[in-house]
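The structures considered in this document are given below.
In the two complexes below, chain A is the common chain; its partner is chain B in one and chain C in the other.
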Partner chain A sequence: MRSFIIFRLLQTIPVLIGISFIVFSLLLFSPGDPAVINLRAIMNTEQPPAEAVAEMRIEMNLDKPWYIQYWSWLSRVSTGDLGYSYQTRRSTFEEIARAFPVTFLLSTLAMAFSCIIAIPLGILSGVYQNTLLDHCTRGISIIGLSIPDFFIGILGIMFFSIYLNWLPVAGYNGLEYLILPALALAVGMSAITMRLMRTSMAEVLEEDYIRTAVAKGLPKGLIIKRHAIKNAIIPVITYMGTQYGWLFGGAMIIETLFALPGLGRLFVESASTRDIMVLQGCVLVFALVFVFINLGIDILQYLLDPRVRQNNE
Partner chain B sequence: MDIAAPWDPKTTDPHVNGAIAQRLGVTETLVEVNDEALISPGLATSWNVSGDQKTWTFQLRDGVKFHDGTPFTAQAMKKSLEDSLKKSKTFSSVPIKEIKASDDHTLEIVLNQSLPSLPAWMAKGESAALSEACIDQGDISTPISTGPFKFSSFSPNEKFVVVKNTDYWGKVPSVDEVVYHVVPEAETRSMMLKGGDVQIAQILSPEITEGYKSDGSFTVNTEPISRVRLLSYNCEEGPFADTAVRQAMNYAINRQDLVDYVLEGVGEPATSLFPTTFYWGDKDIAAYPYDPEKAKSMLNAAGWKDSDNDGILDKNGEKLSLTLVTYPERAELPPMAEIIQDELKKIGVEVEVKSVDIDTSENMRFSGDFDMYLGGRSLMNAPDPDWIMMADYDSSGSFNKGYGPYNWKNEKLDSILDEARTLTDNAARKKLYDQAQQIINDEAPVSVLSYYVNQDVTSNNVKGYRMHPTEFAFHLEDVSLS
Partner chain C sequence: MNSDNRFIQPFFEFYQDYHTKILKKPLLVTGLIILMLMCLMAIFAPVIAPHDPYDQSLKNRFMSPCLEYPLGTDQFGRCVLSRLIYGAQASIAVAVITTSIVVIIGLLVGMYAGYYRKLDGLLMRITDIMLAFPSMVITLALVGIFGPSLSTIIAALAIPGWAKYARVTRSTTLSIKNKGFVDNARALGASNQYIIFKHILPNTLAPIMEIATLGLGGKIISIAGLGFLGLGIQPPTPEWGTIMNQGLTYLSKAPLITTTSGAMIMIFVLATNLVGSEVRDLMDPKSDSIII
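On to the complex of A and B.
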């Protein structure tokens, strides 16, 4: 078990180095002078004066060649120093530490909603294939998949916040501010998960060991609970893990719509203002989140699935 | 009271970025900007300049206290300005040599060279007066200034909270607390207003405010701000080196159409460079009528005729075919460019629209790789006409990365602008700047198309809200909630 985890951890190192390099070179080749871009935001004008630009170029190290910029960044990052925001002059670490919990809560809540909606419905339509229930859930999931999350968000605000007055419109001042955005995110996600759960369930129900269980006279409920779900849920867990990872960077539209100070919005804003160090920090965090979620899924499968355990020993 | 606005204050240090703290009335500056966009006394009651135009003396207001109870003095102001010069990029083009506090209430600013707009620079939020203890914080996390509101808390990308200052030297606000919510999406700000989460939703788009006009429980406030949409011409080479061709464009472009079709009819077609709601706007400049026939005959007179009957004018075998460069970062510009393209086609001018990202567009502009450049231009980085006139229209600016005409020189304009720099009396200066705007209008090195307009919607229980022409203040000390 321990050697398995250590091996998986070591595998992530080249991935992270690759990511850091790609991000860095992307910024290098993007159009525009980062000094001008930063000054536009700082000075609140589209056309900053040339004197200020010259000062800013030196302050930002832009007068140095790219490999020196990259190397100095990498050596700083490896000591845990992610630099600071040109926009706010706060450290990148501080910016991310503030945004991360919001996104973490939002993503987790969205995943929870998605589970609650998708897993039971997926199991049911897998078991009762081609019944009215199956057709209904399929219809719902197609609708859920087709409507963009921000539109669901706007409908949600109009109904729950403006019409019923149950929930706040936007902003972040406690958990109730996360309910609507989490729901908006969960609808689209659960549509896919539901379909996956159904297919997986349907496949498992065709397996020989299920037929054997039926043949030896086990009651249907017991077969599904003890044999079918356990096997059918494994690919679903893998998929949901990936979804969870995506949410950390992918909730940017919803975070902007609901004015949540999360990681997605930090990412978008630092990208649009080309606040380089924060942008790099964000991407690093997204990569780390993915790496650790994948690690978590692998460990979970290791624990849940004896076949994986056997292959790794 | 709650306000939803798109801009994140980014920092609590007014000397790094002072806009939001100033707008919310936390910080104050030596000079203020009034509702006509004219500078007026703030923490300084008066100012004057020495004979050599290099030493400005400010008389400071008596009886003003910082939020921490310490008195506002020339020494504190000196320390503030020095801190600001150190931290902010705002004043990088202001040639300040030395700041002196001659006594408690007299502050002297000595310049390396004369700068008539110096008082206007002293209205920028980054020149905020902060208490000495406050500056000793280094990176200022709690701004302590003299304004009608005191800083309470700040959460980045979320909110900025201020409370009223009962010891304020001027009018004490009626609202106890103001929460400024940072909400990037206009639609969300509107929904927060409708849901009652906020009472003021700032900077909504014309499509959104349209829906409020019939709703009696809200008021739509509209204010032209100090930014114009300009079509600037390459006056060095190509057809626009000829003044008559530029002038013809003013008759060929229907400014009202641009406002009606792209901006939902919000705002006025422009006449003078400065909006006429501003002190510096020239109300006597007559708007160009839309007259494509006249445009065509002017082009004919300039030698551009359709000799080969292909529908496009030509001269010496060359077609009147132009490049219009613009950028999509301001969403209204590309559709405006298309309308202009269409209108010019009607008089036989072929236009190729190049809508590229703002940085590429600027590179094209500064290398003269364009005939027409459509862009937005902020007029009052310093709230004084000297700044924009020198940066864009004086030949020292237009030949050196100005954002007005490209490589254009008018001797008369240059001498008017120089003369204006020797004066301090606003009425006399205005006369000269009116002449300057008239020349720009007549010689057409640029076509001023329309002004940017902000629209804030307030719920009807908000009384006394008014918008500021240069966006320097929300005037919340004058606002009450019923």
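On to the complex of A and C.
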């Protein structure tokens, strides 16, 4: 157990190094001097004096070759110092800490909706293959996959907010503001999850142990509940974990559409205003969340699936 | 045909075998027809469109649908239908160009990684890193830093996209590089480059084409997403995502601007998904997943 976790942690190190290189290089390519951006925030002036800028450049190692710059950037970032926003003059860390909970809630709610839609339908169409129900879910999932989430969001606003007046249009002031955006995100995700659940279920139902259970005379419901679902759901959980990781960065259009003050919107705003330090911070957070959620999922899979445990020992 | 054969069947042979079967798949034919119509619409936009998409007339703002303006007019009095028809040009052109770039890079990286074991570790770690970023995040970061010009948009869409294709090509290459016909070619004195481009490449095309069809739809959504955020192809050039975003302000006054442009995106992507998943079904009837 412990050796597996240590092994997986070691595996993430090269990926983390690669991520840090990519995020760091964003700063190299960007217009604008990071020293000036930081000083504007610290000294609270539009035009920081030239001596101070020169001093700051030396302090931040901006006059050194890129690998020394990279190293000093990495040591600053590891203490949580991600620089300052060019726009608001607040620290990037503060901006991200403020936005993170909204995105976390939104993603989690979207995942929950996606589970509720996709898993029962996937199981049903796996059990009743090639029936009307199966064909319908296949049709719905292809359509669901084809509608961009922001279009679902707009249709949702038109129907639930403008026509029925049930849900708020945009903004963030409590959980009910997250229902519509989370649903918009869930539709596309559940389209894929549903098909995966169906395939996985169909495969498991052909296994020998299911045949044995049938031969033993166990009732169908019990076979499905106790033997089939338990095995079929494992790849689905793995996939949903990846989806969850992507969702943190993938919700930006929906967050912008619904004016939710989350990470995605912060990222879009920083990209539109070339607020490089915030942009960099967001990219870093998105990638880190993705890597660590995947790590968590691998460990979860190890705990859930005895076959994985055996292969890794 | 089993799933192993699908990897060793050359692309052109595949279509010779299957062109009769393609006609028996109504969904595939529907998808292909929609895609063809969309492309024809983009090419012949000047002939089909009832008006000039840039033609403003302030006295005709927000007209409801009528004979002259079948889908009404927008906030500048421009014909919504004409803008949608012209919008196909930018969306489809950028999607086709980026998908081609991504396929070429993915094929090259994947074939070399699969063929030369020494390159494999390095190239696959690079794809691991690329896959850790949601593709839209890299795209948006690049567009944010370099500004939304056409070339930046194409590059920003292509840079995160190739990793997936490289993975698939690599696994195909690994599965065929020790087959008899490759050994035979080697025994006849063929160089590695010759083997890669004459023997491995034709065999990797079929699985790549099916992902590329699905990927084309994904690119259309990404382009529209960028446009929707105001960071895509810049107005006044008509582009579906940009039109959608501009119509949003007038959603209750003129809902057709946003809904029709959204519907165009949806129809195009639906067609690519139909073609992609039905082609996959033809090649490997056992798999039914629509996962890209």
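Quick note on the criterion: the second predicted complex is superposed on the first by the 266 of 313 C-alpha atoms of A that agree within 3 Å, B and C clash if a C-alpha of one lies under 4 Å from a C-alpha of the other, contacts with A are read in each partner's own complex, and residues count from 1 in each chain.
Note that in this section a contact is a pair of C-beta atoms (placed from the backbone, for glycine too) under 8 Å apart; a residue touches a chain by one contact, two chains touch by 3 or more.
Model, not experiment: these values are computed from the prediction.
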Query = Regarding the shared-chain residue A:176, is it in contact with chain B (first), chain C (second), both, or neither?
reply = neither
Request  = Name the contact category of A:89: first (chain B only), second (chain C only), both, or neither.
outcome  = first
Message = In the overlaid three-chain picture, which partner chain does A:63 touch, first (chain B) or second (chain C), both, or neither?
response = neither
Ask   = Given the touch rule stated above, what does A:33 touch, chain B (first), chain C (second), both, or neither?
value = first
Task = Look at A:145 in the shared chain and tell me whether it touches chain B only, chain C only, both, or neither; answer first, second, both or neither.
result = second
Query = Regarding the shared-chain residue A:192, is it in contact with chain B (first), chain C (second), both, or neither?
reply = second
Ask   = Once the shared chain is lined up, is A:256 touching chain B (first), chain C (second), both, or neither of them?
value = both
Key: First, second, both or neither for A:162, with chain B first and chain C second   = both
Message = With the touch criterion stated at the top, can you tell me which chain A residues are shared between the chain B interface and the chain C interface?
response = 31, 154, 157-158, 162, 256-257
Note = Seen from chain A, its contact residues with chain B in the complex are 31-33, 36-37, 39, 41-52, 55-56, 87-90, 95, 98-99, 154, 157-158, 161-162, 165, 168-172, 256-259, 261, 265-266, 269
Query = In their complex, what parts of chain C are in touch with chain A?
reply = 125-126, 128-129, 132-134, 136-138, 140-141, 143-146, 217, 221, 224-225, 228-231, 244, 248, 251-252, 255, 258-259, 262, 265-266, 269-270, 273-274, 277, 287-291
Chain C-touching residues of chain A, taken from the complex the two chains share = 14-15, 18-19, 22, 26, 29-31, 138, 141-143, 145-148, 150-151, 154-155, 157-158, 162, 191-192, 195-196, 198-199, 239, 246, 248-250, 252-253, 256-257, 267-268, 270-272, 274, 276, 279, 282-283, 286-287, 290-291
Key: In the complex with chain A, residue positions of chain B that touch it   = 8, 10-11, 13, 16-17, 19, 89-90, 92-93, 139, 155-159, 181-185, 187-188, 191-192, 194-197, 357-360, 375-378, 381, 391, 401, 403
